[in-house]
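Read through the structures below before going on.
Note that chain A is present in both complexes that follow, paired respectively with chain B and with chain C.
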Partner chain A sequence: MSKLERDKLMRFIDRGMGILPARFVTQESNRLTIVYFGLSSLDVTNSLDHIADQRSAIIDFVYSLQVLPGPDNNYERCGFRGSPLIGNPWNPNCEPIEQLKHDYAHVANTYVALCILKMLGDDLSRVNRPAVMGGLRAIQAQDGSFRAMFCGSESDLRFVFCATAICSLLNDWSGFNKDLGFAYILKCRSWDNGFGQGPEQEAHGGSTYCALAALSLLGRIDELEGKDSLVRWLLERQISGFQGRVEKVADTCYSWWVGASLAMLGAWDLVNHDMCASFTYSCQHMIGGFSKVPGVSPDPLHTYFSLCALGMCGHDGFQPLHYSLGLTHRAAAAPTVFSS
Partner chain B sequence: QETAAAEGGGGDGDGGGSEAEAEAAAAGRVAVLERELSFCAQAVRRNPKSYWIFNQREWAAAQLHALGQCNWQHELELCSTLLSYDARNFHGWNYRRHVVRMHGTSDESEFEFTTSLIEKNFSNYSAWHQRSNLLPRLHPRPSPEYSAAIARELDLVQNAFYTEPCDQSAWIYHRWLVNEYPEPHVIEQEIGRCEELIDIAESAGEKKWPILGLVYLLQRRATSSDLERAVHLVAELSALDPPHAAYYSSLASSLASSLASSLASALNAPAGAGAGAAPGGGGGGDAGPPS
Partner chain C sequence: MADEKPIAQREEWADVVPLPQDDGPAKICAIAYLPDFEESMNYFRAIVQRDERSERALWLTERVIDGNAANYTAWYYRAKCLEDLGKDPREELKFVEELAFDNAKNYQVWHHRRLMVERLGDAADGAAELQFTTEILDADDDSKNYHAWAHRQWVLKRFKLWEGELEYIEQLLAKDQRNNSAWNQRYFVVSNTSRREDGSFDRAVVEREIEFAFKYIARSPNNQSPWNYLRGFMKPLTAFPSIVERCEEMSKKYILCAHVFSLLVDVYESEGTAESLQKGIDTCGQLIERADIMRCKYWAYRKEQLEKKVAAL
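And now, the complex of A and B:
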C-alpha cells in the first residue's frame, strides 16, 4: 500500500492519547512524550483541529506537570515532569507549592512540554523561565554533557539536544554553558564521521541528529569539519528506509533522525525519496499508524516519525518541518511571551 | 540498611564491640549490593537494551567498589556474555568500557577481545569500532609502530572482504585505515587489492563495495587518469546500485571538477614540473572532463 490511511491514522492517534495497551505502562513516566508524538502527528498532517475541543484541557495538563521551585526558590529540580505518577497535586495555574520529595523534572519532558504548548498556540506565560534555566544549569556536567534529571541518569547527546531546544524555545541560554556544550558535541564525533551518544561510542543516526540539531540551534553547524564525509556516512544508512547504524535493519524512525540530519546539511536531495516513502508505507499497519519495521505493531513514536518522513518525501498537504527543533515551522514560529 | 551502617560507622572508640558491628554492617551492605547485581543480571536478560538496568548495575558496582568488594573480573565476563548474545548492544559496550576503566584491563587485552569477536564474525561493526578507539592508545600516533599496526589492520580487513563481500562494516573501517596511513605505497597496494576483489566478484552486491573503495583510493592518488577512471567507475556504480543514484551523481560531479582542475593545472604548469598531474597521453589536446 502506498497511500496514507487517514481515518485509521486519526483513530490510532486518538487511542495513543487516550488509553494505551498494557505494555506501555513502563512508559508512564514519559507520558508527555507520547502526547507530543500524537499531537505532532496531527500538526504535521494538518489535523490539529481534530482535538480543538481538548486544546485548553491539554494545555492545563502540560502546565500541571511543571516542577516549580519551593519556598526556598531552589531551581535544581525544575522544568517539567513527564507524568503525574509521583502524586503531585493538580496545579495547572502553577501556584506556588511545596516541593515533593523525589519529584524531579526530566529534560526530555521539559522539551516536549514546550513543544506541545507551542503547537497548541499557548504563549508560554505560565512557564517559570528562570526556574527552567536553573534546572538546566543543575544537570549540565563539567564535560558539557547533560543528564536527564537532577537526581541522576546517564549523560549523553540526547539530553544536550533537549537542552539546546529548550533554550531556543524559551529564547534564553542562561542555563546552558555553550562553550562546554559545543566541546562535548565535538567529542562525540566518531572516526567514521558520524556522532555517537557519547565520546568513544559507536556512530548512530539518533545521536547524529542530536549533534547536528544542537549545533544548528547553537548557530555553529558551519564550523563542522568533514561535512562531506558525514553526508556520505548518513547517505549510506539508506538501504530501503534508513538504518540507525551500519549493518542494522531499516527502521522508520531513522528516516527522521538520518533524513533530518541530511536536510540540516543541505543534502536531502541526495536521498532516494521514493524508496524511503515506499519503505515507510510498508510499515503502515492495518489498524492505522506506523510500526518500526514491517509486520509488527504500530506505536505513537514510529507513527510520528513516519509521517515526518512522508512529508519530507513530498506527501501532499503536510506541514513543512523545522528540522532542528522537531516541530512544524508553524509551531516553531508561534509567538510567545519570550519571543524576541 | 542505613541504620546498620550508622551503628557500624559510629567510631566511638569502644574497641571490639563496635568493630564487630561495623564489620557485620559492611558485610550486610555487601550482601544487599550483590543481590542487587544478581537482580540486575536477571533483568537484563529480559531487557538487554534498558539504560536504567545498566545505570542500576553501575551504581551497585560503584557502591561495592567503595567497600573494596567489587568483582570487576566478573563484571567483564558478564559483558562478554552479553555481547556474545548481541554483539551490537551499545549498552553492553558502554558498560564494558566502564568496567575496563575500573578494572584496569589492558588495552592489549581488550584489543585481543575485539579480534576474537571479529574472527567469529567479520560483520561486527561495534568490534571494528572498538579497535579504532584502542589503536591510537596502543601506539603513539604518528609513529612507525602505529603505521605497522594500521598495515596489519589493512591485511585483516582483506579477510573480511573475502568472507563477507557484501558487508559494509569492514569497508567503512578500511576508509579510516587508509586515512590513518595514506602513504603512496599503501594506496598502490590497496588499489591493487580492490581490483582483485572486483575481478572475483560474482554479483552486483559483491562488486559495489570494492568499486566504491577503488573510487575513493583513486580520488586520493588523483592523477588525471585516476580521476577519469573514477568517473567511469561511478557510472558503473549508478548502474549496479540505482537507489543511490543521486549520491553517485554528486560524486561524479565532484570528481569531474577535480579532474578539470587537475588538467587545467597540468596545462598551466611549466614543463617538467609536478608529480601526479600528468595529462592523459596525447599531448594535452582534449581537456574537457568525460561526461
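And now, the complex of A and C:
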C-alpha cells in the first residue's frame, strides 16, 4: 500500500492518547513522551483540531507535571516529570505547594513538555524558567554531557540534545555550559564519521541526530569537520528505509534520525525519497499507525517518525519540520512569553 | 504475584497509609494498571514520602521493579535503601543479573549495575563484569546490544582488562562478520592500547589493521563494516598505493560492489591530478549505473564536484 490510511491513523492516535492497557506500564515514567508522539503526529498531518476539545486539559496535565522549587529556591530538581507517579497532587496552576520527597524532573520529559505546550499554542507563562535552567545546570557533568535527572542516571548525547532544545525553546542558555557541551559532542564522533551515544561508542543514527541537532541549536554546526564524510555515512544508512547502524536492518524511526540529520547538513535531496516512502508504507499497519519494521505492531513513536519521513518525502499537505527542535515550523514559531 | 496476599491485608504494613496517583480530571495517556501493581505503587509512594529506608521498603522496590523494570524512581530509591541498610553490592549484582537477561535493553538496569560496581571500588571484579556482558551478548543472539557494549567498554578501561579482547572480537566476527559493534570494539581496543604518545598510530599498526580489514573484505566484499574499518586507518588516502591497486583489481571482478568503487572515488579525488579526477568521474558513472543505484543522486553530485575540479585545473 502506498497511501496514508488517515481514518485508521486518527483512531490509532486517539487510542494512544486515551486509556492505555496495563502492558504500557513500562512506559509509565515517560508517559509525557507518548503524549508528545500522539500530538506531534496530529501536528505533522495538520490534524491538531482533532483534539481541540482536549487542548486545555492536556495543557493543564503538562503543567501539573512541573517540578517547582521549594521555599529555599533550590532548583536542582526542577523541570518536568514524565508522569505523576511520585504522588504529586493535581496542581495545573503551578501554585507553590509543599515539595514532595525524591521528586525529580527528567530532562527528556522537560523537553517534550515544552514541545507539547508550543504545539498547543500555550505561551509558556506558567513555566518557571529560572527553575528549569537551575535544573539543567545541576545535571550537566564536568565532561559536558548531561544525565537525565539530578538523582542520577546514565549520561550521554540524548540528554545533551534535550538540554539544547530546552534552552532554545525557552530562549535562555544560562543553564548550559556551551563550551563544555560542544566539546562533549565532538568527543562522541566515531572513527567511521558517525556519532556514538558517548565517546568511543559505535556510530548510531539516533546519536548522530542528537549531535547534529545540538550543534545546530548551538549555532555551531559549521564548525564540524569532515562534513562530507558524515554525509556519506548518513546516506549509506539507506538500504530501502534507513538502518540505525552499519549492517543492521531498516527501522522507520531512522528515516527521521538519519533523514533529519541529512536535512540539517543540506543533503536530504540526495536521498532516494521513493524508496524511503515505500519502506515507510510497508510498515503501515492495518489497524492504523506505523511499526518499526513490516509485520509487527504499530506504536506511537514509530508512527510519528514515519509521518515525518512521509512528509519529508513529499506527502501532500504535511507541515514542514524544524529539524533540530523536533517540532513543526509552525509550533516552533508559536510566540511565548520568552520569545525575543 | 496473583496468589499472594494484598499488601493491605498484611499486618506488617498496617501503619502505612497508601498514597494514590493523581492523574487529574482528564485521562491523558493514562494506564489501566492491574490492581496488584496499583497497590504496590500506592504503598511505594507512601514509603518514599516517609523517606523510609527499611527492609520492607527494599522489598517494595523489588515488587515495583518486578511490575515495571523501567521505573527509574524505584531503582533510585532501591539504591538509596541498599546504601542505608549497608547491603553488599555483590548480592545486588546477582539480583541485577537475573533481571538483566529479560531486560537487556533497559537503561535503568545497566545504570544500577554500574552503580553497584562503582560502590565496590577496588573490591569490584572486573573479569566478572566482562563475563556478564559476554553472556548478555551471547544470549538471544543479540551480539549488538548497545548497552552491553557500552558497559563492556567502561569495564575494559576501568579495570584495564585488554588482554584477550581482540581474541574475543575475532570469535564474534567468526560468528557474524557483519557485527559492526565488534568492529567498533576492535578500533576501541587498538586505539586504547596501540597509540604512540602523540596519539598517532605506528605504520606497523596501521598496516596490520588494514590487512585485518582486507581479510574480511575478501570473504564478503559487500559487508560494509570492514570497508569503514579500512578507511578508519587509511589516512591519508593517498599514502597506500598498494591498497588502491588491490581495490582497482577488485573493481574489475566485483562490478556491483558499491564499497570498492566508493573508496576509489575518494582516493582519486584526494590524488587530485587530471588523470585521477577523470578516473573519479568514470567511477562515479559506474556507481550511478550499476554499483550503487540507491545513492545515484549522491554520486551524480560527487561527479559534478569532480568535474568542477577538473575545470579548475
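Note that in this section the second predicted complex is superposed on the first by the 339 of 340 C-alpha atoms of A that agree within 3 Å, B and C clash if a C-alpha of one lies under 4 Å from a C-alpha of the other, contacts with A are read in each partner's own complex, and residues count from 1 in each chain.
The rule is simple: a contact is a pair of C-beta atoms (placed from the backbone, for glycine too) under 8 Å apart; a residue touches a chain by one contact, two chains touch by 3 or more.
Please read these numbers as outputs of a predicted model, since none were measured by experiment.
Overlap between chain B and chain C is detected when the two structures are superposed via chain A. In the superposition on chain A, A:Val271 makes contact with both chain B and chain C. Of the two partner chains placed around the shared chain by superposition, chain C is the only one that A:Ala57 touches, whereas chain B remains out of contact. Legend: residue contacts after superposition of the two complexes on their common chain; A:Cys151 is shown touching chain C, with no touch to chain B. Of the two partners chain B and chain C, more residues of chain A are touched by C. Judged by the touch definition given at the top, the superposed model places A:Phe338 against neither chain B nor chain C. Using the contact criterion defined above for the overlaid structures, shared-chain residue A:Phe24 touches chain C, although it does not reach chain B. Touching of chain A by both chain B and chain C, each in its own complex, is seen for residues 152-154, 190-192, 197-198, 200-204, 232, 235-236, 238, 245-248, 269-272, 275.
Residues of chain C that touch chain A in their complex: 19-34, 37, 41, 45-46, 48-49, 51, 67-73, 76-77, 79, 107-108, 110-111, 114-115, 144, 146, 149-150, 153, 178-181, 183-184, 187-188, 191, 223-225, 228-229, 231-232, 262, 294-298, 301. Contact residues of chain A toward chain B in the complex are 152-154, 190-192, 197-198, 200-204, 232-233, 235-236, 238, 240, 245-248, 269-272, 275. Taken in their complex, chain B has these residues touching chain A: 51, 54-55, 88, 90, 93-94, 97, 123, 125-126, 129, 132-133, 167-169, 172-173, 175-176, 243-247, 250. Looking at the complex, you find that chain A touches chain C at residues 16-22, 24-32, 34-35, 38, 54, 57-58, 60-61, 64, 84-90, 92, 100-102, 104, 106, 148-149, 151-154, 190-192, 196-198, 200-204, 232, 235-236, 238-239, 245-248, 267, 269-272, 275.
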